[in-house]
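The chains carry the letters A, B and C, assigned in the order they are written, with residues numbered from 1 in each.
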Amino acid sequence: MAEKNKYGKIFADGIIFNNPTFMLVLGTCPTLAMTSSAISAFGMGVSVLVILTLSNIVISALRKVIPNAVRIPAYIVVIATLVTVLKLFLDKVIPPLYDMMGTFLPLIVVNCLILGRAEAFASKHGVFESALDGIANGAGFTVALVIMGIIREFLGAGSFFGIEILGGFKIPFFSTPMGAFIVYGLCIAAFVAIIETAQRHSRIKKTRMLDGVTLGDRAETDKEAA
Amino acid sequence: MKAKEFFKSNSFKCILVLLIITLVCGTIIAACAVLFNVSDEERLNRSLTKIYAGEVPAYSDVGVYTKAGEKLEAGSGRNISLFHDKNGFYPEDETELNKDEKERMSAYTAVIQQVIVDERGTCLVKSKGKGCGFSGGSVTVWVQFTLGASAPERIDKVINVGNETDSSQTLIGQFGDDFFAGYCNEGATATVKGGGWFVTDKMSVESDGNIDVVSSGATYTSTAMDVAVNGALYYVREQLPSGRLVYTAEGGKA
Amino acid sequence: MQFLAIMITAAFSGNFVFSQTYGICPFLGVSKQTKSAVGMGAAVTVVMVIATMITYPIYILLRMADVAFLEILVFIFVIAALVQMLEKFIKKFSPPLYNAMGIYLPLITTNCAVLAVCEITSNALATGVWEMAVIGGVSLNFGWSVLYALFGGLGFLMAMVVMSGMREKINHLSLPKAIQGFPITMVTAAFIAMAFYVFTFISFGG
């Protein structure tokens, strides 16, 4: 049970409470550049998820072997290798995605998120947990990017995943970097506000429950807590 | 001494580990490069599948020729100069511009890289518009022509060759199918038949379609498109009478 | 004329932060104070120029040896090594400068803009026959590449300084809690980006 809770915590942290894009604001370059359409956002998100998970696994497996002084260069070499393999793979198997990503595919190497998780988590935990952490953070990143991609595509091109919805109405502003900044800022504000409100409510709820149990009666003592 | 020795051995271990990791990674990459190698023919096939939207007919690569009729070697391209001012395009020899006028105008180059004729008689030209575009990059397109007896009749399709378009063309993604369709609709066909050239007047390809491109800042990428398409058009008009744009089964690939 | 084209494209119409959205992480992270913004911008410019000078010929060699797939590994290795050496250099020759910006130096390695400049100038993304990249109507040979990197870096510096100036002013405002921090920073960046957007209407050879 404790194990399951621990894994659940890793996922909850990665996707919601420490969402790399909205809460920690890491890896922002692809967030601004690749979210002009939902499909490219999804493609970038999944690429980062794959690289992050694989790099976490490899680095976690090698964590006892790599001396502390050269750990950053070693991590970078591993990540660069994975990105190169991904680049070759995409060029052969999914060329449209490769074209869409353009310069930002090699830039996954210097994505602060991947190096950050390697340093903060994979170098200190076992392989399985690191893999889960990679998947969780990658999923959080993908979800955040797709949300932004949907918003920007909807407003900027009037479509949803390429399917025209608003019948030609669009505000091209949102397809530009300027629109990206604004959408990103507002998404952060909204996301943080929602999470904090939810956390506050769950804390209040817990306080009510505890009060009810300790006092042994179900009187409405929650008026002060609210 | 003791501390120095210890330090020395630790740094040796560091370098060794780093070296081993790098070598292993390099080998993995090399293996994957061989595994995932994409040959030139495969790239060509990708473009062709996109153009024909399905089954690719038999075709032959007829090569690229100079105006005088010499065949250029594979890999090099034919440069076609185009002069441009706000009134339109003027290709290299078809213009009676004097030196002053030429200096006043902007000069672009279209590079004809590959010419393919398929068994149905349509001609595909791979053309690269240079010297313009957002940040001054280039755009590479395939243009598919239906050929008449002595002049091209219409343009059937224009596609962008993704990974050969300059990486600075960050807004190339804005060019959806509507933009390319602007080269193929009725107004465009009239331009092709009438001996005219395509001009993107900041907002639209000169035809019935109106594509609002300037608000996304991609005005100059659309000029590059025009250069590429006009270059291809010029080449076809020039070469068609020579009888070289003909499908031959020997030079062909099915 | 070509000099002007490269200079304006690198710093203004193709500004790394506001037009091409590279280098956003340090842009957001270090632009709280003008002093650190200037330091970071200067360090990034230096690394960009030297990295371009090294990676441009290396990439040509890789292409000639048919091992172009090693490009990402080699580039990032060069950049990481450069940053390490720059750190030691600054530590040795100017300890106060090192104390001021020592913490930001390792971050330059993960600055997308540096790797992006190397990739763009060596035209590493183009498949098929290698040709020089064209920016602002100018083919990027070695000299123009270095110039592009220099002005790209200066454009980055300019972006950081402008941003830090605005952020220092914003600190004095009282904003609702949800908007404080990153949201208002992003919106500010959007407005600066809008100002820079005007530059995209300048054309060269276009």
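To be clear about the criterion, a contact is a pair of C-beta atoms (placed from the backbone, for glycine too) under 8 Å apart; a residue touches a chain by one contact, two chains touch by 3 or more.
Bear in mind that the values here come from a model prediction, so they are computed numbers and not experimental data.
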Chain occupying the middle, per Cα centroid: C
Which of A-C and A-B has more C-beta contact pairs: A-C
Chain centre separation (chain B, chain C; CA means) in Å: 29
Distance between the centres, which are taken as Cα means, of chain B and chain A, whole angstrom: 36
Distance from chain C to chain A - Cα centre to Cα centre, in angstrom: 24
Per-residue multi-chain contacts in chain B, two or more chains: 22, 25-26, 29, 32-33, 38, 163, 167, 170, 217
Multi-chain contact sites of chain C, meaning residues that touch two or more partners: 19-20, 69-70, 73, 77, 119-120, 125, 127, 197
Residues of chain A engaged with two or more neighbouring chains: 33, 73, 77, 80-81, 84, 88, 91, 102-103, 176
For the chain C and chain B complex, residues of the former touching the latter: 5, 9, 13-14, 19-20, 67, 69-70, 73, 77, 119-120, 123, 125-129, 133-138, 197, 200-201, 203-206
Chain C contact footprint on chain B (complex, rising order): 22, 25-26, 29-30, 32-33, 38, 40, 43, 75, 106, 108, 130-138, 163-164, 166-168, 170, 217, 219-220, 223
Touching residues on chain C, where the partner in the complex is chain A: 18-25, 28, 69-73, 75-77, 80, 106, 109-112, 114-116, 119-120, 124-125, 127, 178-179, 182-187, 189-191, 193-194, 197
Complex interface listing, chain A residues touching chain B: 33, 36-37, 40, 62, 65-67, 69-70, 73-74, 77-78, 80-81, 84-85, 88-89, 91-93, 95-96, 98-100, 102-103, 172-173, 175-176
Sites on chain B touched by chain A in the complex: 10-11, 13-15, 17-18, 21-22, 25-26, 28-29, 32-33, 35-38, 46, 162-163, 167, 170, 173-174, 212, 215-217
